[in-house]
């Protein structure tokens, strides 16, 4: 029986590596599927070929590093060493480009800088595994967050690479103006850019294509991402956040990731799991806003630290709530798959 | 044989919930006793009915969340899911009120904000349990600290809830003036407000009543709280801290909590344990001052992070010092009870 | 058979304590050898007798505290309770002295402050052991970093001890000037001061003598320290860092420590281990620069936090890379010793 297209190249002697890199790109949004990877990569290229190249480059470096150090081959083949590199490369380009939206071509110094940072992310990925593995909690994008913080701050000290205004340190100030006038653009852009911003893309079309890339592999996952971004925008509108921050997708991108992680992937999507996910989404949007205040004096960005903190805490707690059914990271493929296995277990 | 008053309502079908909430309030200062809870609640109401209501509200939300998610019933009944909510509600009201001393009545946005924050604290309480449980170290008030930091910073980004001047970010500056002239008010207010400040109350009478509430359940615990706050003031006076900061009880409230935790509760109160506690108290007062400097640029408050850090580190280290006799969190009720059990063990 | 000089006094009834203190000083750079300790202490005295006395004092307090609390005698005898105290005392003197290079004599308030801080470091050293021990990862100088941060920030709040300008909080700013003109002084001072700066000494001769002190015990270790400092300078020159920061050894001191830890001590020095070490060195130099940016708004120094973070992460990850051969902290004496044991194991 022929294997489905998505798995035909994973063990291919020549094209295998490309398959793993594409899976790496898709794993940023938890999809172990090279077709999702192709679609997401296309979405990034649609916005900016520079970011597209950076994304490919970072994923490749992280994957090659894992191969050189002979890490677990099945993890490599599933893209689990690549996704942190994908985000690192795009982030380092974004925060050093005068034009954040499309990015500027890196110079040699920056390319080499990305190589070291992406290699380091691969090296420390198993460190989090050692700490969190016994709790059956995945490392998520923490290697990306740590490595990028480690390398982004240092850039301020070097004259060969400039940093963008987005890293300008300021003192946090209270937003006390009148409640902004929101309209449908706030909602539409906020929700779609919330998806695109996961990959630092300021482009709602890119957000929509990424959502399609996710939906190819899992309908529930795509719905969850949409719900995460939507609830985050709803919370921001209800509490009266800056219209521009909402429209840029800043409230949504962490929340969308939390929604996908808790909503069916690392927890089976039953009623309790759904309520738990909604709490996680709402909290994540606030944690993003709060970490921004903590980091503002140093100018560093939040990245996906809000998603990681909330998801880690909520997954670590899972054992205390009997209504939640945990899925071990190594078994978590798609929400649909988890539901199927859970139901077949119930029947027996 | 009739159960003592303090335990008569814990399993009561109608009034049980009230008992658990009152224990939750008392558990902020480690007392598993609803009468202590009533006295402490009265102490807060004496200063401000708004804070009293907030305290009850937060404890109730956290406890209800634990019930809804079917957490361990015995933990709920002992108030161990409530105490973080108690502090969260009072903290969120305090830092959003123009008048910190008595607090201002929250608007609907803030009430809902407190609900989400208190629910989240309940959800993450077992997360710390998963990490620290194997080391027999309790989570203490870290869920309160984390959840409040997560929600307090975010408030700066929302126009519907104002924050008080207490959250104003500033650059830390060195205090080089002449040594302040301290007098008996420094000492008296510093020590009593150090107890009251645990619950964010700027009122020395409240501090005294809280101390009585503790003493109802454990004389040693109350003495330790008093010693913690006193030594913290002594250290601050010796090193020449701002008179106002001392009188506001800011040096004492973390130290008082460390004193109660290490002084007899999670370690049996023998000679080594006592010396260990004194070190912990003195260090905690400095850590409070230091974390204040670290957080000043972002404007965020220290909360009880000093107490938690020092107590965690010192409890994690306990196994290395044979003179210390550790008490597992689940067995730790009162210092007196720990001493009794330890002595009866020695006799056998 | 006579024991070699280096081990003759470890169990001596009268002079044993001196031996342990000297080992404590040497353990800052991982050398369990009192002769190395004597040479390093001489290197510090060569630069400043005040720092020499402070170093002796801090190591003594930490070691005595461990004895009083009856900690593991073999750990005490190997200097493993002393080295954090050595760094604490020198750091607290350095950051409170108008003259950073030679230090100023502490007043009574500061001496007592050092006592408490060094005692606390001893108390929390096993806390990290409890957390990291199961992963066979050593605590390194984290007790020093934590205790110094806890005590240094607090100093800003006290009028009896002044702090130096080195702790002045500023807003991080981007270094965009032209690439500095480096010359041989940049390289020579940068590399030697990188070793000296481990002990906060602004003196290249001190750096060379410390290197000799290390070489007495292990040639490979000394080479690694040299390589670490050299590669850090190379990276800083390549990326165009401030000439002054390089010459002050600021890029090198964390990298030199990472080089010694990963290069042969906690990992056997094979080809993979060597590449891993090079990555660790390059990353550490960047992490130092980045943590500096994160801490700048509060004015706090990085200390050895860069070395500890990177080394912890890379040692935690070791199990995932089959080419790396880990050495348990309790077995790690010198790179030469590790190599010998590893080779004899291969032969059998």
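Residue numbering begins at 1 within each chain, and the chains themselves are lettered A, B and C in the order written.
Definition applied: a contact is a pair of C-beta atoms (placed from the backbone, for glycine too) under 8 Å apart; a residue touches a chain by one contact, two chains touch by 3 or more.
Keep in mind the model is a prediction, meaning the values are calculated, not measured.
Asker: In steps of 5 degrees, what rotation angle do you get fitting subunit A onto subunit B on the CA atoms?
Answerer: 120
Asker: Since subunit B and subunit C are copies that touch, just let me know if over half of their interface numbering is common to both, same, or not, different.
Answerer: different
Asker: Between subunit B and subunit C, what distance separates the C-alpha centroids? Give it in angstrom.
Answerer: For subunit B versus subunit C, the centre distance works out to 36 Å.
Asker: Touching two or more other chains, which residues of subunit B qualify?
Answerer: 297-298
Asker: Under the stated contact criterion, what part of subunit C meets subunit A in this complex?
Answerer: For subunit C paired with subunit A, touching residues are 135, 171-180, 236, 238-242, 245, 272, 276, 279, 282-283, 286-298, 309, 312-317, 319-324.
Asker: Contact residues on subunit A for subunit C in the complex?
Answerer: Residue list for subunit A touching subunit C: 69-72, 109, 113, 116, 119-120, 123-131, 146, 149-154, 156-163, 167, 169, 297-300.
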